[in-house]
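One chain, subunit A, links the two complexes that follow: it is found with subunit B in the first and with subunit C in the second.
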Partner chain A sequence: MARYGNLQIFLFILPATVLVGIFVYAFSAWNVSISLTDWRGLVTSIRFVGLENYLKLINDPIAQKALINTFLLAVTFIPLTMLIGLITAILLCLELKGTSIFRTIFLLPLSFSFVISATMWTWMFSPEQGTINSLLRLLHLDFLCQPWITSTEQSLWCILLVYIWQFSGYVTIIYYSGIRSIPQEHIEAAEIDGASRFNIYRHIIVPQLKGETIGVLTILLFYALRVFDLVYLLTGGGPALSSEVLATYMYRMTFNQNLFAYGASIGTVIFIIALAIMIPFLLLSRRR
Partner chain B sequence: MDKGRIFAYLITIIACTLYLLPLYTMVNVSLKSPEDLIWGPVAPARRLYFNSYLQAWEKISEPFFNSIKMTVPATLISTFLGSISGLGFYRAKFKYKDLLLFLIVLGFYVPPQAVLIPLVKFLADIGLYSTIAGLVLTHVAYGMPITTLLFKNYYESIPKEILDSAEVDGASLTTLYRSILLPLSLPGFAVVSIFQFTNIWNEFLFALVLGRGRASQLVTVAIANLKGTTLAAWNVQMAGAVIGAIPVAIFYIFATKLVIKGLMAGAIKG
Partner chain C sequence: MVNWEKTASIILVGLMLIFTLFPLYWLIVTSFKTRLEVIGGVVFIPHQLNWMNYYRPLFEDVYGAYLRNSFILSIAEIALCLPPGILAAYAFSRLKFKADNHFLFWFLTNRMAPPAAFLIPYWVLYTYLNLFDTIYGLIIINSIGNLPFVIWVLKGFIDAIPGDIEEAAYIDGYTFWQMLRKILLPLLRPAIAVCSLFVFIFTWNEMLFASLLTTSPAAMPLTGGLLHYMSQIWVNWSEIAALSVVANLPVIIVIYFLQKHIATALTFGAVR
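== the complex of A and B ==
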């Protein structure tokens, strides 16, 4: 039998346990306790105020707007990214000439940090000189020109577009490898039976991608729950708060307005939402 | 070639063009001279103008080196710690190890906003706020869930008999790690460290909150500061973005297979 006992195991798992224990769980608890006070920048006396911040939060119209926007982004981002990723994966599976180049191109947006994407897309969206409107004018399609991120109606959907652009490549490669691992005989048998390409995908290939779909969902949920960067960088939550999400609101309250306790209560709400979604999701997906 | 294939080519090429359009915009604008900028981002640069790169480099070189000084140790430490805790969880037999591992993996999904204020306070209290060391510690800590999980899954893909026979010979866990798993896991180390490097290099929120002041400003924040200010002309902003994108883009282009392995492993359930 092994010469090592639980002591050695204990030492090996100690760093991860201690670091995650402190930085994730102790800090989350600390954050909750901050949210129960009236701590704000530079004020030295801190009072316990109970649930006051949360009561304020429930009646805060900006927080409501931010919550709705966070939700809207998540429920559009996840299915659309999955759909586009699946379509591009199918395109790659056709084994066209240059597939490896196409794959790298689909994947490339994922390599850019949010800062780089935001820099690129600020130019894409700029109403006066931006690439999209310039191209539309060049093609004499001026009537399609839009105000993009400068409009209160479109800002959130512009951010959505950039998120999809950035992450669909992730979905592409996962579905691509999933489709390629499906036994060729299944597909050939259906072909002999005279099934159309579309039906082969619909009835034979896609149903076999359950594991991949769970993997894709895990990763897209991860990003959807922490939507911050592109909103902060592209619109700052504007114009007129039209694209504000919980995370940007939390940042603004905390670091611009120095309302630490109020910011902490928004952080706690984000924490609860994330765990309420992830714990059942992880448990259910493991059972398979 | 049948009609279906021509159609597929057409769709793929249109899709690729759309995917590349922002990249084209960035590179094209970065190569334009100030006079050339008025022709907009679509018209190709009339002659290649590299001066914008020099100007951008002047503004972001210090943060760029800060990013290297932060990302390299953070990557190495979190990969190493992940490799040992992954082994611990792989060989652990005690009662609550599944629950403990679940809690650690769950940490990966806790959004940073939930811990941001205590994190700032804590780092300030121990004197590491706005320092490279503080950023390294932060990235190591929040990297633990995923590196642990990636290594544990990687070890599980190694034939069990190799480890079991060593254990019968009475090897300690350290011996197991050093003389058996380490040499067998070099591809795993490559995958995890590339995964960590790209994530840490690109990370923005911690950099924004914890990297205030010259000595700890990172390249992502420096580029964000160039953007949308009158501080730098458009071509300079874009040149800065190109420079900041290069380290990670190199991995994506030249080590595509390793990158993809990391991405795939990252999407596999706990």
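== the complex of A and C ==
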């Protein structure tokens, strides 16, 4: 086969590979090496301390709390978002024969920068003049008013709500196009056979959405593992550490308290957790 | 029975629509309110359009500079990432790799590592190289996410172009660059447009590095600016709503043109 020289073409791969190699992997390694010292940012003296930071991390109650919160957010965010997205898609597609205007609408939240959605929702959740409580008062439902993000019990779930708001529309759209590609005859045949609605969904539609489910799960898992932005922006991990996740804790330790080495060790732990979940997931999801 | 199902569906989808759209509606409405309307209870439609909320931060404060930086950054990102991205995408498409493509993709992008894993070294490097608080610094760091994205989306498009076309060009004596210019690029034009718009959105919306690595109106983009506004003690909610609308408007316009491609691009692991 006559082709253009492989060597020349191979060189095209280099810029991107080198960029990622250095800025992602070499820098992660650099991060690990920082985590093995006692470096405190602006202070120039650096001493090698081995695994001391990691030992400290294991016994750090705030780190444990942050780990639990990270986990709690992931295990609620992923299934809830997928379920809401799937139900909305099924209803749109089968019951309402929705038009493409819905695609634009449900895409909107995803297009928002985290900064804007966080700003918007901070205003929604604000207990005094915030939108949700004001609306409740207007409807004379004062007893439903909540402290929202200012309460230690509710802060994490408020963040969860914003995450669901931002991503469920995306899940809806993916499932919507997935359902549309299922041959209409399958559904009609089942209807003629007298299958109930629920059974049609369960046995005919959902099993054919396996590809979409894996795709959606990959993206949501990806975001769940790097949960930072909305937490940092909405509550900063507070109040009283109630919504602290690993990444906000790492950020606070490093850039507010100048404990660079300790922050680096938290960063490394986040990376290891991400690898430990993502690699098996990617391998398993490929083996259909 | 069927009617009951229909009603329930309409109610559920209606709730979902309200959940999705109400915050957006509220943002736009708030951006036109006077300060009195914001704090004085619930106002669904402001009495008049108070454009001052837009005018003051953008023209009498520094937020116009943040907006300009966002445009410079996003457009520079497109110019910087597309050319090497197209070439690398071609290479990844035509060379045969033994490894599983999907797996390779995750490893050859920044997707495997959460930013927390390398945030500190960036900060150190930027402080030492005097890249801190410069727009160049932000351009470099954004391309680490954008370049791999461009490559893997374009690779999908190039995979769909049969290799016979290039073979014919080769036999006709085209050099590689002639073939690229006369055959490949015209075929890829829609894909390149889609990619550019996505790169625009991701860069435009990027917040973490913008807020961590820039501080002054000379370099900080609008996302960082919004964060800066929020950190003030006295926050004027209608102004911040106006700024949010300004910050989101280009994205909504772009998304409108992109909606057909969003599923494809996101399956490739698009990340802001």
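Heads up, the rule we're going with is that the second predicted complex is superposed on the first by the 277 of 288 C-alpha atoms of A that agree within 3 Å, B and C clash if a C-alpha of one lies under 4 Å from a C-alpha of the other, contacts with A are read in each partner's own complex, and residues count from 1 in each chain.
In this section, a residue touches a chain if its C-beta (ideal position, glycine included) is under 8 Å from a C-beta of that chain, and two chains touch if they have at least 3 such contacts.
Note that the structure is predicted; figures quoted are calculated from it, not measured.
Annotation for the three-chain superposition on subunit A: subunit B and subunit C clash. In the superposition on chain A, contact of A:L225 is made with both subunit B and subunit C. Of the two partner chains placed around the shared chain by superposition, subunit B and subunit C are both touched by A:W165. When the two complexes are overlaid on their common chain A, residue A:F112 makes contact with subunit B and with subunit C alike. Once the two complexes are laid over each other on the shared chain, residue contacts for A:A16 go to subunit B and to subunit C alike. Shared interface residues of subunit A, touching subunit B in one complex and subunit C in the other, are 1-4, 6, 8-13, 15-17, 19-20, 23-25, 27-28, 30-31, 34, 88, 91, 96, 103-117, 119-124, 129, 131, 134-135, 138, 165, 169-170, 173-174, 177, 197, 215, 218-219, 222, 225-226, 228-229, 233, 246-247, 250-251, 254-255, 260, 263-264, 266-268, 270-271, 274-275, 278, 282, 286.
Contact residues on subunit A toward subunit C in their complex (touch as defined above): 1-6, 8-13, 15-17, 19-20, 23-25, 27-28, 30-31, 34, 84, 87-88, 91-92, 95-96, 98, 103-117, 119-124, 129, 131, 134-135, 138, 165, 168-170, 172-174, 177, 197, 215, 218-219, 222, 225-226, 228-229, 233, 246-247, 250-251, 254-255, 260, 263-264, 266-268, 270-271, 274-275, 278, 282-283, 286. Within the complex, the subunit C residues that touch subunit A are 5-6, 9-10, 12-13, 16-17, 19-21, 23-24, 26-27, 30, 38-39, 41-42, 84-85, 87-88, 90-92, 94-95, 100, 102-103, 106, 108-123, 125, 141, 143-144, 147-148, 151, 163, 166-167, 170-171, 176, 179, 201, 204-208, 212, 223, 226-227, 230, 237, 240-241, 244, 247-248, 251-252, 255-256, 259, 262-263, 266-267, 269, 271-272. For subunit B in complex with subunit A, the residues that touch the partner chain are 4-5, 8-9, 11-12, 15-16, 19-26, 29, 40-42, 81-82, 84-85, 87-89, 91-94, 100, 102-119, 121-122, 138, 140-142, 144-145, 148, 167-168, 170-174, 198, 201-205, 209, 220-221, 223-224, 227-228, 234, 237-238, 240-241, 244-245, 248-249, 251-253, 256, 259-260, 263-264, 266-270.
Per the touch definition, subunit A reaches subunit B in the complex via residues 1-4, 6, 8-17, 19-20, 22-28, 30-31, 34, 88, 91, 94, 96, 100, 102-124, 129-131, 134-135, 138, 165, 169-170, 173-174, 177, 197, 214-216, 218-219, 221-222, 225-226, 228-229, 233, 246-247, 250-251, 254-255, 260, 263-264, 266-268, 270-271, 274-275, 278-279, 282, 285-286.
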